[in-house]
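What follows is a pair of complexes built around chain A, which joins chain B in one and chain C in the other.
== the complex of A and B ==
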């Protein structure tokens, strides 16, 4: 009896290890400091994780499809700068600036998708090149200057980053809605199944008649769309942006996705797990701050947690703790 | 037979041809288009270029051998910053201050040892846990950066030591210390990778790990050595640069890993491992630096550099794929 209980628990741990760890972490921190689970604090954490989280949703699609997207950080800078610049342009204004920014960001995603999907180039190098190129584009667009909205009281633009609805911050609502939509798209639709198939075994997917190139192309479009949403939240929250606002985010986003359990080899991962990964990063940061530690301690903790999480995941799959590498 | 030699020449010499093309282009464009009064192909200019390539170049050499092994190291930028801080901070310890200038070699040794240890940690985790190097070093990139901040908060660490500055600016035939160190590192690592058992085994492991294991090669120790070497080289790069500059900002070295990878890929090293040359990487490093200075020379904005480098990286990948398509024999869809 006790034996089966242990086995069931072991199986649960193997399948949902990251969720179990998350719950243990939350319970532990709450016991230590009840303020941790306070509703304002929870909303605060989710709101500050929303930008990273929205980007991670899109990157999850790309990673499950068996590719990487390192260009999301500089793409975020691009979208934030563009939307702010067009907002200040009298010919556009906020109502036109937003769709224009989305169109331009989707074009960048389409370039990624074309190169990786249709031309079948290595995604790491393509998106590395795009990281550099988009950074250059952003600098050219802004002339190296920071962008600011001059008259912040006169515009409704701030609603995406600063507004609330029914007492819930708008960025949180956007994050949750997008996660639900993309979660259903990935788990419940034929397109979602194709993404898994293409990432899990491209050759088999091709022979099954799945248009690999188009599926990969679409994952990059989804990623770019998510970046555009994140850029909108970022620009709206601060009503201004530097050219380097997204610098380094690409690897933090990837860390959240990996923490959620997506394999870099493709074919595994879910939106729900990515959300857990994002929340873990957010709550670690918050917990350490509440404990009176500096923000940079979270980097070290994140390092340890990422490696432990992936290691345990691999170890349960191969049934051995240590690697078989000679 | 003859086409084979030709093909090999094109593949190995492409980066040097590209460098030559850049030199001619920037010289002519500078003279006739931008109306620049100075010549671009000028010994002082080229020597300065070599000196400026040193920090990324030394790291890129390490990145090459890790990538030949089929791994990657994303934590080099953080190691660079941390070792820079260790170098400058250790000079300020009371015990070291008492030693006067004798403390400089000791401080450098401490910094280099730190780099080695950080690299060894990465290598050991990759070896013993079997987690992909990309993930391990991605985590370490965050973790080591956290250590950088923990060392001295968000304040820059400064310690300008004039003896060290003199050492950094010492030169022979106009080639200054950073450039000399870069060339020396290229020579030594090239010898190691082409003339020793370790080098041969590293290529074998990257090319086909299973075959290497079956041939009795121990994969783990070779990976460990290469990670230690890249840690050491990242530290060496920091020692060379910060002896001259004397101040480390906690954000220094960010994106170095991506620049180094760009240079290595331009130099012809394959991400999948088993293929790559140190000399090619030197070419890649010089090509990038040449592009920066050249665009500057013809009066282009600095932001153009990023667009051009990104585009070139993708074009190189595309050309490489077209040239090697027959060999790869992949499924065409």
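== the complex of A and C ==
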């Protein structure tokens, strides 16, 4: 009985349920604390979710393609430190620092994509290793020092993180615009279709003449591009960064993507669902703060969310909750 | 052997799966000291029967007797406790542990405080290894052993219990000839000790070399038992593939057109050798042979999935090399693969997207996939192949096997290939859809396609083909025209008895 229930409920969740769950969650929390739905609070959450959200958009491509990207957290630290350092370098300045940072970050994504796509190495190991390697690279670059923009009044660099247009924060606008663009790329173009095919059934993709290696490679480039955008927002918002600014974000990003309903087995998920996943995660963390819990609790909560989401995904596929090994 | 108590007796075993009866009243007897072959084509029910014997499946009806005592196996441990041991095709050994630890895994001898009693463990293991006359010791790490020796470890494991019956599932699949000799010696020893042995293999020469009797399964039914000494490969093959043939060809043929594909002396390692054949526009060329004869491998080579080691391929008279599936598709070759779920379809995608997958990059309006063009391709092939699906949005995983197969065929037809290769077109689908697909293949030839049909079902090959290529053990034995082919000559050719030159 419980198994049938989980199949039905899980199936519903897998289709539209994430939206239902989101609404239920919002209503429940609002009833408990009306401040939750306060317009300032809502905008605050969306705004603070933008960086995580932008990263999650890219990771969605990687996950649908059947792989993982755990390097995005340390890649964010890298891109923020690099763009700030180059900004302070008289030979670059803001106008050159930004494209240079994008190019370097894309190189890191290309390494991931090459190793997973063309050398067929396990994506978990490759990107976990990259997490560490990029961290080392960042510290080497910065000499272990935090980066700051000395004369914050003299640069337009702050616009990406602090600016507003029509009263809407620029980070939110970037998130929305990028989500729309990548959503269309994934849902409406031949490339997007190939990503689903490669993640859904790699063998059938080969038999259909799809260049799997290239598709996987490109998903990692997209992921790195999104990290570069997120790093730009991060650096611009604080006009400075620590070497560890992105530490641990890889798991939060993954939690948001899975929570949105992308299967870790590959082949399913959408950009829209990921956006919902990002918002749910943001509101949960916000709710915990409003409930008076310490900020640090969110790390534990992130873990719980990942476990529940993965369990639900697997339980739905197997049709049972309890399935011990062998 | 009469008068002895059978080592193992199966009586009327039935096993149902949703929609299929996998085993339908299987009964046979294995005597102590007998090597009993179990044969049948893929899907005949051999693996299901072994899973019933091993306690992994529970039979829906029927009884298992071990030494004439009725036994219910509720799990693998119980099978072992009852003296039924398996030597699996895929080895299940822990590579990093020693031979002794593998053999006694789960029941290592203990001293006080749960410590392992190593001296006893090694002594016991070495005693067993001595019986097997192997060249390694109890302390050898399993990962260092050859596949054949790893198989010996599995056999040694079977000897730790008082085995009544030992089942070998395709044991020689990865062995060299020298290693096979050792394995056959051990089987002879087991036999001398009075153990009943079930030997599963597709390889006729082994069956005739070491077995005493042969039981044959077909479509889940027990077809009978033969004395190995009094039968031959032809009789066994006939029992395996059946004779319920309807030789009426499903449609008239057209005059074949020019040669679409010609293959000369194509080889791929030991998988197949020196294959020469051609197929014309407007005809169906059938490839027939037992599992492992090399038919699928030829198709995969033509589709760019394997690299040929010798030979030449001509498309419309022009010599080509085919380096990848992308290349094959571009040159006008399509392959409907053997396994639709693993190779043919993305089950979590809808019908339309599956059909258009190989050409999605070309179906664009600006940067976007052209929705309308995709739907009209889907509609076209839905009507042409009478695909029964509620809508193009339906996930392919929710369709019946027959309709799934039509989606795969539609996918490749929509590429408008010069040569369409269809591997096992009707495996695992119902009878109604089967004949629909047979008619469809004939129709395609009439429309001018060059079609290659690969099948292990004789009626299918006979009904669809204009010419038939018979393969045995990687070699084309003979080519028949539809007019001259007879069942007997075909069976002889695929069991390696016919030395007629390839046409």
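To be clear about the criterion, the second predicted complex is superposed on the first by the 282 of 326 C-alpha atoms of A that agree within 3 Å, B and C clash if a C-alpha of one lies under 4 Å from a C-alpha of the other, contacts with A are read in each partner's own complex, and residues count from 1 in each chain.
Note that a residue touches a chain if its C-beta (ideal position, glycine included) is under 8 Å from a C-beta of that chain, and two chains touch if they have at least 3 such contacts.
Since this is a predicted model, take the numbers as computed values, not measurements.
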Chain B versus chain C as contact partner of A:27, first or second or both or neither: neither
Touched partner set for A:206, first chain B, second chain C, both or neither: both
Touched partner set for A:107, first chain B, second chain C, both or neither: neither
Partner chain(s) touched by A:133 [first = chain B, second = chain C, both, neither]: first
Chain B versus chain C as contact partner of A:122, first or second or both or neither: first
Comparison of chain B and chain C by chain A residues contacted: B
Partner chain in contact with A:297 - chain B first, chain C second, else both or neither: first
Which superposed partner A:252 touches (first chain B, second chain C, both, neither): first
Touching partner for A:194 - first (chain B), second (chain C), both, neither: second
Chain A positions touched by chain B in one structure and by chain C in the second: 203, 206
Contact set on chain C toward chain A in their complex: 303, 305, 324-326, 328-329, 335, 337, 342-349, 353, 357-358, 360-361, 363-364, 367-369, 411
Chain A - residues contacting chain C, complex: 184, 188-190, 193-194, 196-197, 200-201, 203-211, 267-268
Residues of chain B that touch chain A when the two form their complex: 74, 125, 127-132, 134-136, 138-147, 149-150, 153, 213, 218-220, 223, 254-255, 258, 261-262, 265, 271, 301-314, 317-318, 321, 330-331, 333
Chain A to chain B touching residues, read off their complex: 70, 115, 119-122, 124-126, 128-137, 139-140, 144, 203, 206, 212-213, 247-248, 251-252, 254-255, 258, 264, 294, 296-304, 306-307, 310-311, 314-315, 318, 322-326
